[in-house]
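Okay, here's the structure, questions in a sec.
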């Protein structure tokens, strides 16, 4: 065992050996605390998938084409779709890497150290990383990036993650038009992000946070060359394995492998994204015609169509991607928590999974904590019980039900289908949800203001990440207007507890609050899937929908 | 003639002003502000408010329209490109030049960077379709109009009417099933590069076919009606009774007359094709103007919508103008009046 | 069957001379989806080499269909169901296409009605003419154009070289018809079919075209088959005439014989229907043939004319299988009672009554109407038109197309407003008040009978609708019952049974529609009726009846009437006073006697001279033939408007200065530079006969 | 009379003789084109009207068992859709939507267009100029672009589709009406009406409108067909009527992903659209033929 390793690691190992925590928990915790992934995997007695992928002799050369929407990519720190980040990801990289088992590894970092109180994170930057222009990556580069995403003027979604431990809200002293004090946000201290030396950066938190490493893998958290000043394009400088050769919005992206990549040159010579538009049929047609070698994503229905293609291999990964039907507890119809409970009882989750996902999902429990999350606490299941639900409705004074607009969006189609499936089941308890399907841009405009709506949530390795973003009172993405002081308190508490066993106890309380009076009905956790041509090797589907082309190879025909 | 051209140009300007204003007004209904769209969904409200003020996006509709027009005409610089916005939007052409369509909030690029290549792609698609529609519809129209109610007329009419009744998405679905899935001889999508193993021409076959199927029947019907009218005209009788054969009569006397009325209709198809390709482009993932327009409309990207509107209206008015000129060439009766 | 007899009777005399065209027992059917219409049941006639044969009949009698059958061009539904058409001994019925093509345009050529539409609007005259020699005579393009130019000279078109490059719309109607004639003659045909070649042309132009045809025929020795409804034209142009009625030939004879001694009651009736230029208003009533031509599906048994014939004898005239019977040298007639009927020819009673000079009912002074067509373009429809009409008087406005007579009618009725000038009616100036601004009593007092029977009634409403509406709007009667009662009376007045009120206009014949229109005009008890060419679109046999009816009602109602017409013969028959207009200006005005009497304006003289008469001796009248066409009203001559075409033009003064008004009498004025004395010199016409 | 006119008259008599006294509508019976069109339209209309009483599944009821094999079966004659809903029921209930929305939209567009066209044609002058210019401007927009911009901005709903159709179609209808009115205005019966002090409104409604009827009905049929296609396209673009109400275009969109395994899911609604549009187009064509003057 490493000398520099965190003092808590032996405890973890004991817990693992006694079966108190799972292998995965152990891996996650130990790596989080700075243990190298290789070592952690070795201690846990399983093979590191990263080394596994590299182990085989993958063929060299060739071109790989993946079908994916190619949207604007002006500012990587502002990327708001996984697709956008995929375009950038081949050129720019993260400090950390969370693998498909939700284990976070150092990446551009050599390693990190965490203080016992989880308030001081020391990031050791790899010394062998070179920008494409030949310059070595240094602490100033990293600090520039971290400070940039912490600037509210930039508008990165990382800002929301940093709020609460690096970023604080403050009163500007000015008044707005209505005379209310104007609030703004900033780094809590000049020392919040501190340069230790040329290759070491220290983060000083004002409150404990265990998910810092995961946050550094949040999709817009790219390390960019400060010289590019946040702009991205074919000429952008990056540390990544590829150089972007060409980019046309709505058409595609082309990359050329860097021979001087610090991590060893990619297997591929060139790599491409091909924009296939919003028509899900186009992806299938392109696969059928072998115009692309794979898709960045294919939903269960698309998979069902393509699994018969002889040249296609299906890839699946369990994720914490989900969709929630959320209610504003401050509107008339949902005021009474019994209505929300009734809605949770009205759902036949298996049926929805069978219908919408063709089975590719696992039932969720309305508290937005997935069984695959390390902090998950198992609770009794809520099977469908229409009678009970109806009674709850009647108790809440809605015996005859009510009618309300339910906001959703038309794409991706599984979201709309889920909406329809859920609305159909809610009919049985008298809730008539009139589906209002708004084009994406308009949907995002009313996203937080519509009283009754469906929202898809992306994969996050830790439940507290989502809970903090979405359900803490006044949180940045609190779309449900949920506000519960006890919940907030428990969540903050959980964020500072390292011991999974201990944290699970707090989590159980949180989950119960969510089930009792939470603002959401959550049907399932989605199994994420896609297709690749069988000639594609080294491909492993990442639950965050991330594409790492450097790991892939194509067998020549 | 000069007066005629001048009048038409004035009318074109007027139409473009009115059309762009109408679109501007319609876009008012879209929820969401330019500031929010420029900054992205995660920008703080504070930042959005700051930019809104900076862009004077709270000004009355007419003032904003005026400002947009000013940017377009190169009278004032594009406010979105002002460094003080912090948006870092930069048009290599500069912030102030004639024909500045502004910055696309959807693509975060100058509209001029995106729209022209898309238009070019669509022009290829529409152009090819047009090149097929013209002869096909003329042949169908003339043949069926030759003898109204005849067997050939009935047959061709049924084909034409049926084809015009098939929406593009339906024929797209049918064709993909047939030629991509069941009998894979053609590519299912058209990204317009040959690296997927299919040549670019092969990628054009299906989209062009879809457009032709939907459109040619309509034009053929127009030509048919015109042809029927012409064939009933006394001068056709004159020609026949001169001792000319049917072939001579059709080619020598009927064809040009029969094309006079449908000529405008035919040209209008350019207009229809340039923008009516939305569905086709979506089905075949064709990187064209129609899809851009659809995306921009859905996103509420006013700069792009306005640019697309002006371009389509300009094309429409220009084709009308060309139509009128062609009309004059075809019909000496209205020459230079 | 009588086929044999017929063949002999028409062919018997000069069997040795092979006819150029022999039509025998021709049966033409139109086979529609629903039923078959027999357009021509059985028709036989022939045209001999060098002969000019006229085929006369009213609309729907099958004369044009016959021509088309000869050309083998009956359209999609027309079929020659029986009989034969032999041309120079060759059978044309069911002839193969290539044979027909070799004949068409080469050996048989055709001249059509409405030359404008007969010419391809998008091809130059030269291209269209050159096609004929290129097609039939193997000429090269250059050669063909040379021939075309030569032929254009033959049809007296000036500047043939330039003409070849022009398009049809750049030519006037008369020039277009000359081009069509040239086109027909370019193939050097032995037979020329003329299908109403001058209908639609102005009378003065018609005259020139007919003269040209006669001359060319003599020059080229071409046989003619001349089809027309105009008896006068036929009488003057043909050697032999066949009268057709409802698809049958009812009488055939050499021209002089036929018009001199018509044997068939229909022929007689047709002749009597036509107002004779030689006879004035009060000489005789126009004889109208009662009823209307039967539809092909409603043909009666036996004599087709039976139901309309005064000499109809049941049991005799309704026996089937009537044949053409010889009645004289080369004269055959299809009537079983011809010997008796000839004796019993009607003598037509003279019209009674003279009207005294009445008080003025309407005074038109200096009415000018300009339409501004655009930049410095003004259409001068009327300029300084003045006249007046007395109470119960009939004033005729006469002139060719574009003379502004209809514009004036519209101004009087308020459908348009004058640019300047006054129209006084009951003391008020109504020239600038449009109908919508006119008070109801004024609208009520001026009503109009329109020209086109097909557009005079709203096809969506019943025939009685507008009469009822008029009665109601003007409060002539109150209450539904009273209105219906009055409407029935009005229908009776126009000699229609009351059940016509419920019929749709599409179920009425042209004459019936015009009757309804007359009833509608009189429904409001107007004091002034403006009749704009009320009968020009009707068949001659119907025309007479409608005119007679109109005059009767006008007379009994004491209504003043502005009668607008291009037909001088009719005007002479109808009017008390005549105003002759040309290009928006009044050329001459006076009483009907003065206009048709001694001194007249050269234009009036030309108009009168252009009228063709069936009277054989009429052919000997010396004609005034005008050159050229009426100039465009947008671009009027500076001096006398008529100067460019005048046959009595004095010199440049006519081009320079507007003519002075020559007062010939208190009522007679002529606008002309020719001095009074010169105007009074007797004209070429035999005036003695006029005054009889 | 010219030969051609005479001949035409003869032919017309041959065609029409028996129908002279009968209603214009009766002529449709003799046009096979119109009859086929009428049958297709009638089929959907009857199906749509009877939908609630027919023994059909609910169009939104999801049968998860049927999804195992969504192809036609004894339980679901035409199979089920991607969410296990009965295809037949969705097709028939989908007809209800489209047969309400399309004719309603066209009716509103007709009312607006005819009114504008009548006013422009009757009054002429600057009123005509203003209306015509405005029409030109809207007509210069490609129709689909107009729909997409409008619907994307004001959102998909029946009312908004009606509004969009009205804006897109009214100028065209107005132009046709104006043309007809300009032709009819010079007819003598209009002059006669003016001479008996009829108001302009009366002339428009009683004297002019009935004579435009034929052309306008034909035009309406074509426009209904086109509007059905447009509604389908909007559905396909995801701008259609909101789910779960069956919408033919939306049904195609939903099932394009399963085209190669369960082609019926997209082919059936496509056929439904094509058949209904074809019905209206044939009807229009047949009517035009039957009512040819």
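Going in written order, the chains are labelled A, B, C and D, and every chain counts its residues from 1.
Going forward, contacts are C-beta pairs under 8 Å (C-beta built on N, C-alpha and C of every residue); 3 or more make two chains touch, one makes a residue touch a chain.
Computed from a predicted model, the values in this text were never measured in an experiment.
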Comparison of A-D and C-D (more C-beta pairs in contact): C-D
Computed distance of Cα centres, chain D from chain A, in Å: 48
Inter-chain centre distance, chain A versus chain C - centres from mean C-alpha coordinates, in Å: 92
Chain centre separation (chain A, chain B; CA means) in Å: 41
In chain D, residues with contacts to at least two other chains: 2, 4, 152, 253, 256, 259-260
Residue list for chain B, restricted to those that touch at least two other chains: 30, 173, 176, 181, 234, 237, 282-283, 298, 300
Contacts with two or more other chains, residues of chain A listed in rising order: 278-279, 281, 284, 288, 439, 442
Category of the chain touch graph - line, ring, star, complete, other: other
All chain pairs that touch each other: A-B, A-D, B-C, B-D, C-D
For the chain A and chain D complex, residues of the former touching the latter: 278-281, 284, 288, 299, 301-302, 304-305, 308, 351, 354-356, 358, 410-411, 413, 416-417, 419-421, 423-424, 434-439, 442
Touch list for chain D against partner chain C, complex: 1-4, 6-7, 9-11, 13-21, 30, 187-189, 191-198, 200, 206-207, 210-211, 213
In the complex, chain B residues that touch chain D: 11, 14-15, 18-19, 22-23, 26-27, 29-30, 157, 161-162, 164-170, 173-174, 176-177, 181, 232, 234, 237, 271-272, 274-276, 278-279, 282-283, 293-294, 297-298, 300, 305, 308-309, 312-313, 316-317, 320
Residue ranges of chain C in contact with chain D within the complex: 30-37, 39, 59-60, 62, 64-65, 67-68, 74-78, 112-114, 195-196, 199, 229, 295-297, 410, 413-415, 435-436, 438, 440, 443, 446-448, 450-452, 455-461, 466, 469-470, 473-474, 506-507, 517, 520, 524
Partner chain C, residues of chain B touching it in the complex: 147-150, 233-235, 237-245, 248, 252-253, 256-257, 260, 330-333
